[in-house]
């Protein structure tokens, strides 16, 4: 099974829950989760910035194979560049389209 | 691909994100999104009221083909009538059932 | 159709919306919803504690056939036991995996 964790929110507690959920999916004892994706957009972009509080958690998720994406549309609105993101985070044109695409491919959806 | 944006929340930032996501899905450059639906219920009903701050955004989404639904169950609880909603917003008996039905038809789900 | 209501949040308004949505799905007049599941994790565990404000609502959902699950991972982090939960609430190793599994089985997803 595959799961996409969607982080569209500026709420820090929800952001932390989202990162914890991605971690827990990786550590699933039943080993039934094959792929985990994380898509950040809107206020959730804070989670993937390289000057944020969650840099270590994002690096760790990337190292363990999570596909982490950031919405370019949001980056434009916030005057951010790809170089402002944790190294390894991919950009996608629009986060909502990416989350749709992943569900269309069979990913389950989780919104912390 | 098709997507339903679910707005069950009274949080204004999340409501704004939901409307922005619906707009962004319409403007997707890859043109891969065929249909967008928006379902408002609970506190999210504020987004589709004709005396609210988001009237112009809802009108614009409707003009561009988004199917916007409001939960009648919520309207009853809030003593609101269909005439209190932006013209063109459809009512459905229960928002949660409508969101279930759309996913059953193959819509991806997004919760801002 | 089948639906899983995911409650990962400590926000009380969202928790109440989640329980109301589960109730409304049961009472659907079109009788199109065959099964309802509810998965609580993170701050959402408050909704299934036997010393909380929502005990009666959870008991009522359980009586009417809703499968209510609590994340054991969260219980461990909060130093809670299964005996601290409303009787009839099942535990699952990890809430996010359970929500993924249910979607993989065809359940629609709702996040209040």
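A, B and C label the chains in the order they appear, each numbered from 1.
The criterion applied here is as follows: contacts are C-beta pairs under 8 Å (C-beta built on N, C-alpha and C of every residue); 3 or more make two chains touch, one makes a residue touch a chain.
All values reported here derive from a predicted model rather than from experimental measurement.
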Inset, instruction - Quote the value, from 0 to 180 degrees and to the nearest 5, of the angle by which the CA atoms of chain A must be rotated to coincide with those of chain C. - result: 120
Legend entry - Same or different residue numbers at the chain B/chain C copy interface, by half rule: different
Inset, instruction - With chain centres taken as the means of their Cα atoms, state the distance from chain B to chain C in Å. - result: 24
Legend entry - Two or more partner chains touched - positions in chain C: 109, 111
Inset, instruction - Please name which positions on chain C make contact with chain A in the complex. - result: 6, 8-10, 41-43, 73, 93-94, 96-97, 99-101, 103-104, 109, 111
Inset, instruction - Sort out for me which residues of chain C touch chain B in the complex. - result: 1, 3, 5, 13-14, 17, 20-21, 24-25, 28-30, 32-33, 108-112
